[in-house]
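Structures incoming, each one as structure tokens.
After this come two complexes, each holding chain A, first together with chain B and then together with chain C.
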Partner chain A sequence: MKHSVNRPPTPDAAEDQGKEPTLQEIINIKLIESGEKERLMELLRERLIDCGWKDEMKALCRAHVKKKGRTNVTVDDLVHLITPKGRASVPDSVKAELLQRIRTFLMSAAL
Partner chain B sequence: MCARNSIYTNPKPCKHLADYKLRHGFNTYDSIRNCLKTTPNGRTRVAKHTTKIPRCSFCDRYQGRLYFCLMCSSLWCPSHILLHTQSEKGHEVAIDMDRSELYCCLCCDQVYDPDFDKVVVCNQVKDLPGGSKSKTNSFEASGERSSKRKRLDSGIGLDLKKSELLVSMRDRRAKSCYPLGLRGLNNLGSTCFMNSVLQALLHAPPLRNYFLNDRHNSVQCRKRSGEKLCLLCDIDAISSAMFCGDRTPYTPAHFLYSWWQHSSNLASYEEQDAHEFFISVLDGIHEKESKIRNSGKDDGDCQCIAHRAFSGLLRSDVTCISCGFTSTTYDPCVDISLNMDTSNLSSSNANKPIKPDEKTSVSTLSGCLNLFTRAERLGSDQKLHCQNCQELRDSSKQLSIRRLPLVLCLHIKRVEHSLVRKISRKINQYMQFPFSLDMTPYLSSSIVRSKFGNRIFTFEYDNSNSSAAYEIFAVIAHSGMLESGHYVTYLRLKNQWYKCDDAWISEVDEGIVRASQCYMLFYVQKLLYNKANEDSSFVRISPRRDPFESTAGCS
Partner chain C sequence: MSGPNEDNNTQLSSHIFGDLLDSIIVDVASECHRIAKLGLDRNLEEEEEEMRLSAQARARVADPSNSSETNTKYVVDIFGQTHPSVATEIFECMNCGRSIAAGRFAPHLEKCMGKGRKARLKVTRSSTAAQNRYSRGSPVSTYSPYSNSTSTNRLSNGTPSVAGEEYSNGTYEEPWNKT
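Let's look at the complex of A and B:
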């Protein structure tokens, strides 16, 4: 084999060239460029603290660390642990509010 | 459990980070110095590619966590960063782009380095408006620290052991072996609010010691001021009565009269609010003292016993949402009024499908303190003038405790005002509180530190002494309704709880105390608490009575 064993495999050629950005990507780019994404993230952080979501996740992490021992847990472990539960327990009101904000933004950006 | 006492035990760098630092010496973090960008809310991000959207070099992902390699500035998502480390030697350390935190790719874990934090913090301080000004706010001059040390020393000056008037002798007249100082107070007509606060005040270690050491001499006081009314003299009289050994309920009539003179607006036979009474008593003590000393000193430096015991300093940071400029003010306080953390229990969480194992539905003291120190966004109707933007802007406000008092009085606001129905209602919600309290997370040093993200960098005024550890010694509990309720005080003496219900004193189990509806909580610094509970078997020498009177002993 000519390639070095350690080199990661080349990604699929079709993926790379002539790749059309998806709608999701376009929206994301627009959000970042205008700085709206930063504001939305800040709003989201605020809401998640207010409704107690952050405290719940903290409690989950604490319980896990207590069980496994402080030196046997990594950040990656914790992220994998709380990601599914975290995503599922975001209150609907928070989701609705953010969606509304994004919609408003898109309407104003499209003009 | 952790063997060390301090909460912040700085984690050691992993082997890989240590090696990395050795290799690069002083230039370790130079590559990112110019890539750090701080947003107005205080978050520092790594923003090298200002034109392109940051994406993982392998899978093009732009969502979620991304890591920035310190060596080659390439970007990777968590799933693929290991590939990079394996293919390029020496590229072990990366930064979480969004949070500006170090990550070791080989340990797959976050690592910490004070030097890195220093770079981030300096950059943040430089970036935010009012850079040089906020520097003096965040990094206090050492002059203030030495005055803080002075205050602590004066606190120790109220120590029992320095007195010459105390005789170590057990009072054998006690009908039970209750510790000295426990004595009921007769209710003079809805005065349970007064009795409950007096019990708590008289057993606060600094005040207890103050009176027992005869620091306020009634005779000299009358000579000096010529006035007949002095709240301190009256409290001194009650203190003598409490500690003289007589267990029959005492009637604090003279004190009530004096207090009515001082707070004439509250003079009536109606039930008053215990907290309001507490504030007015401290105020009365202070007024008298400042008249005597003729000092116009502000509350922060006042040396009257009320302030020496209860005075603390609150810090308020108001941040402009648009530009990040923060203005900081300090206000002295004699207590902290907390709103109850009932928001966690409201129906906003009702539509969550998954309930975590831990109960979040109980109101706790730490919840209330968290609420108190949380950054609160002020409404659009409360726009403040930002010095940097030179106009009215939306802002957020955050409170923290700059200096803790010797005795910490926490007032739980249990009144709910309904603007719609124009009535006030009492919140009977149970609130859980600890007997040992660590106030470190609510200190300005902790709160301000957290504004810089997850740092282990030590700030100049980090309170490394253990004066943030408190022990509870009194609880004032309220039962009943707003207009017609009843106050009792639970006192903790030598690890035994006693219920002081006006004239009736009884021993109670700590479970009763925990289950009570707390209204005011009194904590004292742990050192003072331990000293106070070492040896309290003494009798104050009263000129009127023979201390060696023999009496029937207790069994």
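Let's look at the complex of A and C:
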């Protein structure tokens, strides 16, 4: 008998399985629906440009492209290149400001 | 979920912040990727070319076969030009007025202006000439006392004036002291 006969049944759509949406998912939906996520993204983008973070990341990308050659570079490469440095180099003030806004939102969303 | 609400909130906030940051990182990477692929970053090409050329030049310099055999007179510079070892442009010497080749200018000045025996003799002549030049040309004579001066410095009506006074000689006195 083939092992494949014993495989578990194909899962149905997530709701039918009785999986409750996680708190995170609920919050995410609230963020998006209220438009707050968009506002937060714009705020973060603006702050990161102002403090030069975006330029630093672009410089890293350019250096990488120069090394590897234009034709060999993929978006994935660049994402993996930037992510650790990008996360580490966000200025504390920017991070604090965003966290504050997010916390305010969470509290107002009455959780 | 266990733990006080505060902790949850903080953790959640950090997680949400991380999400936002990741999205922005992907945006930046995508933008850079686009620029690279479309060749919009013009500096990139130029720098590559220059690096290639500089590597070439360095190889040429480091190459031992080049240096000794080529006549140094015919060394080629980065634009491919050769220069004669003595510069040939011609200038007029500001001291004696003669036409001198640029490459011979420094030795000429040495003789013309000071170092040599012949130049010393010339110096005494020319310094008196320079003094005469200065004293004749100036509007205020060098050694006359202030009261005899007929220049515009004289202001017996008592109005103090500061303009132009800087140019007069060392024996100048304040106008209002002279009443």
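The rule is short, and it goes like this: the second predicted complex is superposed on the first by the 94 of 111 C-alpha atoms of A that agree within 3 Å, B and C clash if a C-alpha of one lies under 4 Å from a C-alpha of the other, contacts with A are read in each partner's own complex, and residues count from 1 in each chain.
One rule holds for everything that comes next: contacts are C-beta pairs under 8 Å (C-beta built on N, C-alpha and C of every residue); 3 or more make two chains touch, one makes a residue touch a chain.
All of these numbers come straight from a predicted model, not from anything done at the bench.
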*A:Val75 contacts which: chain B (first), chain C (second), both, neither?*
both
_Is A:Leu99 touching anything from chain B or chain C once the two structures are fitted on A? First, second, both or neither._
second
*asked:* Quick check on my understanding: which residues of chain A belong to both its chain B contact set and its chain C contact set?
replied: 28, 74-75, 79
*For the complex, which residues does chain C have touching chain A?*
1, 5, 9-10, 12-18, 20-33, 36-37, 39, 41, 44, 47-48
*Tell me, which parts of chain A touch chain B in their complex?*
4, 6-8, 11, 15, 25, 28-29, 32, 38, 42, 46, 49-52, 55-56, 59-60, 63, 74-76, 79, 85, 88-89, 91-93
*Would you pull the chain A residues touching chain C in the complex into a rising list?*
23-24, 27-28, 31, 37, 40-41, 44-45, 48, 54, 57-58, 61-62, 65-66, 70-71, 73-75, 78-79, 81-83, 86-87, 90, 95, 98-99, 102-103, 106-107, 111
_chain A-facing residues of chain B, complex_ = 39, 41, 53, 58-60, 62-63, 65, 78, 80, 83, 86-87, 103, 107-110, 343-344, 348-349, 351-354, 356-358, 360, 374, 377
